[in-house]
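The structures considered in this document are given below.
Here chain A shows up in two complexes: once beside chain B, once beside chain C.
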Partner chain A sequence: MPKAWVVVYSITDFITIGMLLTVVAMNSLKRMESCLRAYTINSILLAALMAVSAFYLDAAHLYIAAAVTLASKGVVIPLLLRKVVRDLKITHEVEPNINTPLSLVITSVLVVIVYSSLSKGIFIEGFTENTLKVSISIILISLFTMITRKKAVTQVIGLLLMENGLFLAGFSLTYGMSTIIELGVVFDVLMGAIILGVFLSQIKKTFIDLDLDKLTTLKG
Partner chain B sequence: MNNFQFVLIALLSPLAQGIIKKIKALMQGRVGAPLLQPYYDLARLFRKDMVIPRTASWIFHAAPYVVFASVLTASMLVPVVSTGGAGLFGIGDIIAIIYTLALGRFFLALGGLDAGTAFGGEGSSREMTVAILVEPSMMLAIFTAAVASGSTNIGKVAGPGSVFFSPAHVLALAAFFVAIIAETGRIPVDNPDTHLELTMIHEGMLLEYSGKYLAMMEWAHYMKQMLLFTLAADLFFPYGISGAGFGIAAAVGFWAGKMLILCFGMAFVESTRAKMRFFQLPSLLGAAFVLSALSMITFIMTGK
Partner chain C sequence: METDRPETASSRITGKLSSACYLLYAAGCLFTGILSLRDLLLGYSWYISLPLSGVLTLSFRGGGLSAYFVIILSLLGFCVSVYSAGYARHSRSPWPALLLYGIFVSSMCAVFYSANIPAFLISWETMSLSSYFLVVSDAKNIEASRAGLLYGVMTHIGTAFIIAAFMVMFFATGSLEFSAIRAGLGSAGELRSVIFVLALIGFGTKAGVIPLHTWLPKAHPAAPSNVSALMSGIMIKSGIYGIILVSFDILGAGAGQPAAPLWWGVAALSAGAVSSVMGIMHALMERDIKRLLAYSSVENVGIILLGIGASMIFSFNNLPVFAGLALAAALYHVFNHAIFKGLLFMGAGSAVHATGTKNMEEMGGLVKRMPWTGLFFLIGSVAICALPPFNGFMSEWLTFQSLIVGIKTAAVLTKTFMLLSGAALALTGALAASSFVKAFGISFLGVSRSGKAAGAKESPFSMLAGMGVLSVFCLLAGIFPGYMLRLISDISLPALGGLLQFAPNGFVVSGVSSSGVLPMAVLGTMLAGAAFVFIFPLVAGGRKKSICADPWDCGIRRLTPRMQYTATAFTHPLRRIFKKIYKPRKEVRIEYIVKPFFTREIEYRSEITPLAETYFYRPLTRALHDIAHFARRLQSGNLQLYLGYILGTLVVLLVVWG
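After this line comes the complex of A and B, so read on.
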């Protein structure tokens, strides 16, 4: 079989582990530009995974989904967020609630918990057998990122990474839904990113700072 | 033949240092010292007289010999181009190699302390701190390769039939590379080109050494660097090593190629990164530890 190299060289494992790495790296990155780059790489890898699956499964509609993912999550949303970050003049994250080494340790513990609890019970055959574990790790780690980070922009990036993880989970279970649903999901995310961008500007305009911890000190 | 592979490491390690320096110089737009400069330096240092501090005890005199001997012993255990005998007398155990190197490091730090200067003590203290931080990620990365091949004998890990192209191995290689940077005192961790009091680690310990002793210490340092490169090649990308279907000539070629790639990577990292503050090092080495932990988990998950 000419397509055996996808399985032999465990291409899907490489791509999904790469996605996991970018999400873990988010926890140690301080510069906003680097965080955005991590998200961009994550999205590009997601699109690459879909393209490889399309190639492996001979499913033409997955090529369309991959292209749409690449265009929206890999290009449009990062550019949009970069514009927001530049306009609001945020360059660095303040010190997160949990310091970097400890949060890195917690992320690896999260991955261990996910792997050990999913290792029995759920069996997925085929070339995406490990994808579900990785995707659930991604979801939990980005949730953790959203909890520990203080700036609203990093929390938005965490939310978007979480969405990538959910997308990956759905993809690994269904091998892609019909094109209409995929398009709808992508459109939703795009709208969400635009709305969050406007929202960030409004927070900045009203409260001067994007540090969400400071919002709790407001008294009515 | 198999028992004399370490000669390659011993003789070519100053050249590797020269190559790294040359690539760095070219990247920074300088001409740089000639490729063989480390050899000239060593030859001159061996001819020079020594200045011994008045406070020095026998440890100061013993340290260069112990450091040099420990690195030489460790490189005897590593299959450089052939896994035939799996290192000298078939010992070749990775854990033995790493802790033989640790013996050398212990005496290096003692030698720095024994001279009785403030900078020596400072360097030793920092060296041991970095050592504590590096060791977990290094060992875990090594254990990934060891578990994957079912043996801690490096001859088996690098030998025929071992798996080496998998996500786990790539992650472990990345963690091991960061560990090499820290172990050899390169830029995000230590700056090898300066004697600035506030930053030096390795140079601080060698400050009171001169002449023959300094030459032995420096040579041991070059050898350790090349030994770690060879270990990385053996553990994570053993393709092309003799004993797995390649002749000796081809194996030497593959080995030289891998060494060149690693030298280039090291020079690239050094030219593009800035030195980190010492108290930020736990973040970098913590990240390396997480990488190696992830590689172990990935190996357990994917089963290859």
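After this line comes the complex of A and C, so read on.
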């Protein structure tokens, strides 16, 4: 059914570009709550992409994966982080290392680099042919976000976004791994988020601040 | 130094037990030595393979070269163990040293017997580590622990090179067995040179070849004297064994194999010449008796390398007889140096034990208080100075012979190298003689230079027995060189088999040229000369009343120790002659009460510049420091910067290989 494939192509692109945009948006957001929301949207879009693929590929196990992703990354982790943010009373990011306009320019340059260099080497057939490029862009941009931001909470969000990007990359290459692996990965991320939450509290307690520049004093 | 403490019943039992253990070691050494001697004399060879797991097999082979080195080890090990029985009697806690000593000796034995790479490396590493722990066994001595650290670092740098050489062998042939590697490496081409260079550096570090010798003059004096005797006597020979094993046995620099490049021999010869001359020049300037002996070991390793290098050059020039002669000279010197250096270290150990100082300027007059130790030290000194009828003369003379016949090689370059090395050896001989005149004269002759030396007592019997046996062997190996050379010529090296014919009373090289020496005639001449010295005054002077007085007192009648010639003064002319090399620094500091008439204190200090440290190691460490300092900037401690490194790397990888 050719028509259905055209639809799945455009739906996949639509969702993945949405994920990319949330990550790009992270670079201009200052409020912690907004950053968290960007992450939530990103995760929900990831879950949606998996659900759509499950529908078109007739793969029942992907429904489970989508549901688990939605529950953990779309609901539990954002709630957890929101609780941390409110407990620690951080509302805003301080001025980033690189200012917002320049960050956006660098972000777009990263996307261009990924698109131009990946088109030389790796080709993927099927409806996920753009997904790999998008996912690698997401990974690099979230890494870049971690570089520019100073607060530990934003770093954690950056890390989680990067994980989403990795998940997407894996998905684009394999069309979903077996359920047990997906569950394992999700569980890892959940545990990671909990541990990082505890870390954030500890850093705050030790340094009275969540500004990671203070960590430099640990160096001998 | 260990201090004697009041003997309690338990300490006496401890002392007796540890002495008994050392005697047990001595018995073990004797047993091993006899077995190896049987292997060598009957041309018998054995092979043991111990599969430890699917991939790891240890195999050992006896006979030939291994047996020869094990015989040397056993002879020296026997004597040093007997010596240790007395030496360690007053040690507070003898057990760790006792255990390490046993491990050390048996691991050296295992090194010589190893027939594949894992066995060799495991025993090599055991040997290095156990000797390291023996060097630092005196926990309170900070100097010893520093020396030990340097030793540990240097020996592991050497081991790294050895492992690299073995890895190249393994990748070239796919086998871990030396015999299979030997067969497989014939067609390896340029790789053989890589292996040779790696092995020369790696084993050269253990052997103490200049400029890789820096650990040696520090670690050997820091170790207890029985261990120094073993380290200097036989452990550094394991480096020589490795060089012979790799370059002659495995790579076949000898005859009957694909020809080794000429520069191998030239490299070994140059390293030998530099080590021998520089080693003895540093020895000459030492005041510390054990450091003097350690530097002299560097010199002797140089002499051995001269023989090895000459042998390689001869086999390149297709002169197998001379190649065999030169290698025989080197192997002979290995044996000789092991026994007389062991003897000297034990003698120095006794002197240090009795006086509590290692500084020769504080000894003096020991020959009157420790006559036997003095005699044995004298025998060792005469042997190491290469004076007949002792063994050092025979091997150095043979090395000379082989370098001089180098004139028969075709190329002008090799001729020049051989003759220059011969000249270096001659210079070495002269300087060695003056170093040991100094070592013996300053510490054993004259008047006691300090209260400690005046109160010295003769060593116990077992220590004297250990030295005595080695002294006898020094003499025997000197007057029966033919038997020794027959033993050496039986070693199944391709260069040696059957080409040389040695007569038991002298030695004769059959074939192209022949040369010989009649040691019995030499001995007879010397005995006659000695008799003449005694008889002549009696005959010429007739019966006259004899007056007893201190020698050279010039009528002063009361000589004080400070009137004596000192070690520094003795070597002063040489320090002047070789000013360009020693670069001596002098510092005189005078404190005045009223300037310039009344002085309170004059401090005089003179030292020489250690060449290798100043021109090789110091720039090297400085460069490393600079690089490390620069690299430190990468580590700012800033998390974002680290993430930036990751991002940069990823982007670069993406652009380049995407």
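Here is the rule we go by: the second predicted complex is superposed on the first by the 209 of 220 C-alpha atoms of A that agree within 3 Å, B and C clash if a C-alpha of one lies under 4 Å from a C-alpha of the other, contacts with A are read in each partner's own complex, and residues count from 1 in each chain.
By definition in this document, a residue touches a chain if its C-beta (ideal position, glycine included) is under 8 Å from a C-beta of that chain, and two chains touch if they have at least 3 such contacts.
Just so it is clear, the model here is predicted, and its values are computed rather than measured.
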When chain B and chain C are modelled together on chain A, clash or fit: fit
Touched partner set for A:Asp213, first chain B, second chain C, both or neither: second
First, second, both or neither for A:Ile194, with chain B first and chain C second: neither
Partner chain in contact with A:Lys133 - chain B first, chain C second, else both or neither: first
First (chain B), second (chain C), both or neither touched by A:Val105: first
First (chain B), second (chain C), both or neither touched by A:Ile17: first
Partner chain(s) touched by A:Tyr9 [first = chain B, second = chain C, both, neither]: first
Which superposed partner A:Ala59 touches (first chain B, second chain C, both, neither): neither
First (chain B), second (chain C), both or neither touched by A:Ile41: neither
Least Cα gap, in Å, left between chain B and chain C after the two complexes are fitted on chain A: 16
Doubly contacted chain A residues - partners chain C and chain B: none
Residues of chain A defined as touching chain C within the complex: 97, 110, 113-114, 117-118, 120-122, 136, 139-140, 143-144, 146-148, 150, 155, 212-213, 215-216, 218-219
Touching residues (chain side chain B, partner chain A) in the complex: 165-167, 170-171, 282-283, 286-287, 289-291, 293-294, 297-298, 300-302, 304
Contact footprint of chain A on chain C as seen in their complex: 635-640, 643-644, 646-647, 650-651, 654-655, 657-658
For the chain A and chain B complex, residues of the former touching the latter: 9-10, 13-14, 17, 20-21, 24-25, 28, 100-101, 104-105, 107-108, 111-112, 115, 119, 130, 133
